[in-house]
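Labels A, B and C are assigned to the chains in the order they are written; within every chain, residues are numbered from 1.
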Amino acid sequence: MQTTLEIQTQGKGLYPITRPVLDSVRNLPQAGLLNLFICHTSASLLIQENADPTAKEDLEQFFDLLAPEHQSWHRHTLEGPDDTTSHLKSALTQTSLNIPIRQGTLALGTWQGIYLFEHRNSDHSRTVILTVLPT
Amino acid sequence: MQTTLEIQTQGKGLYPITRPVLDSVRNLPQAGLLNLFICHTSASLLIQENADPTAKEDLEQFFDLLAPEHQSWHRHTLEGPDDTTSHLKSALTQTSLNIPIRQGTLALGTWQGIYLFEHRNSDHSRTVILTVLPT
Amino acid sequence: MQTTLEIQTQGKGLYPITRPVLDSVRNLPQAGLLNLFICHTSASLLIQENADPTAKEDLEQFFDLLAPEHQSWHRHTLEGPDDTTSHLKSALTQTSLNIPIRQGTLALGTWQGIYLFEHRNSDHSRTVILTVLPT
């Protein structure tokens, strides 16, 4: 009912993780809830369109425009210009997702995919905890 | 313990859904959690002030200013100028809400209401899955 | 399995609440989920870095820049210039958090802390409902 997923990232951007998530939680109950929790404050989670790649590109650009690097007021830049912006972007998105389980599978809409949103430029290994709750 | 709510929307804006949600989940347990999940990436969910209508108006305008249509860098506009902005606004708000159940009812604060936030200009039918989890 | 936490705030900013949360939920199950829900629309919740205080300062400044007071288009300012901005900031962050319980304790990452994000300038007492769900 609880497992851990390790995701390797190579720089900023949205990484589709619907497939590894589904592979990690087999034998789901008929009805319930799946919680995904990312154990980091410089990467986050998001449910977004899984079809047209331009949706992903616009999302990435939008968050870069909303929280650009190299601002004069930034103080938390010990680990680089992408340090503080990583926290800002993760604060605007999700540390955890909750997806209903229906008829033994995730009840995602047709166009919904699960993404890990990496905000750091360098390579990282990210831990996501999956918890299954029955109704 | 799990049901579906269909909400009809007529263009962009916040639609109050506290009443239909409460009507859909009768016989709640004494304590638990209600999860609401919207099966779309161009509409989202939000808990916000339910009293003064100007709060709703300012929220709608704020998200229009934060993610305006017709930007030169937009690529995902196949379905219109409100295509990519719908994803951006839903990424900034919630795909799912989790509300505690206490003494057999939703433990919303005095001024809290549940809203469906429609980001598309045209009419849509939106599916929200309601899942009740007992403690 | 369900309790309430009252947090006193003295003006805008991020208040660390990991310690009072942990003190409020003893005897956790081996595995499950903790839901935190704030019963207000002018304060919110956030999981963010708990180590370097400059991370907190940048987050506070970022949200002030993203939703500044005294904008000409603001309508919902009956209670002051921080009235509408409080709703905008809470809409961009979280009304509820969901944290996995693993091995009988909260599975927060090394650098993750729980914060109450107060958006009003004056003193407030904020109610947070804690609900424990077993797997």
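Note that a residue touches a chain if its C-beta (ideal position, glycine included) is under 8 Å from a C-beta of that chain, and two chains touch if they have at least 3 such contacts.
The structure presented is a predicted model; accordingly, all values stated were derived computationally and were not measured.
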Give me the superposition rotation angle from chain A to chain B, based on Cα atoms, as a multiple of 5 degrees.
120
Can you check whether chain A and chain C touch via the same residue numbers (shared by over half) or via different ones?
different
Geometric centre distance via CA averages, chain C-chain A, whole Å:
20
Chain B residues counted as touching two or more neighbouring chains:
66, 92, 98, 133-134
Taking the complex as given, what residues does chain C use to touch chain A?
31-33, 46-49, 52, 54-55, 57-59, 61-62, 65-66, 92-93, 97-100, 102, 107-112, 133-135
Sites on chain A touched by chain C in the complex:
1-2, 35, 37-41, 66-67, 73-76, 78, 84, 87-88, 90-92, 95-96, 98, 127, 129, 131-134
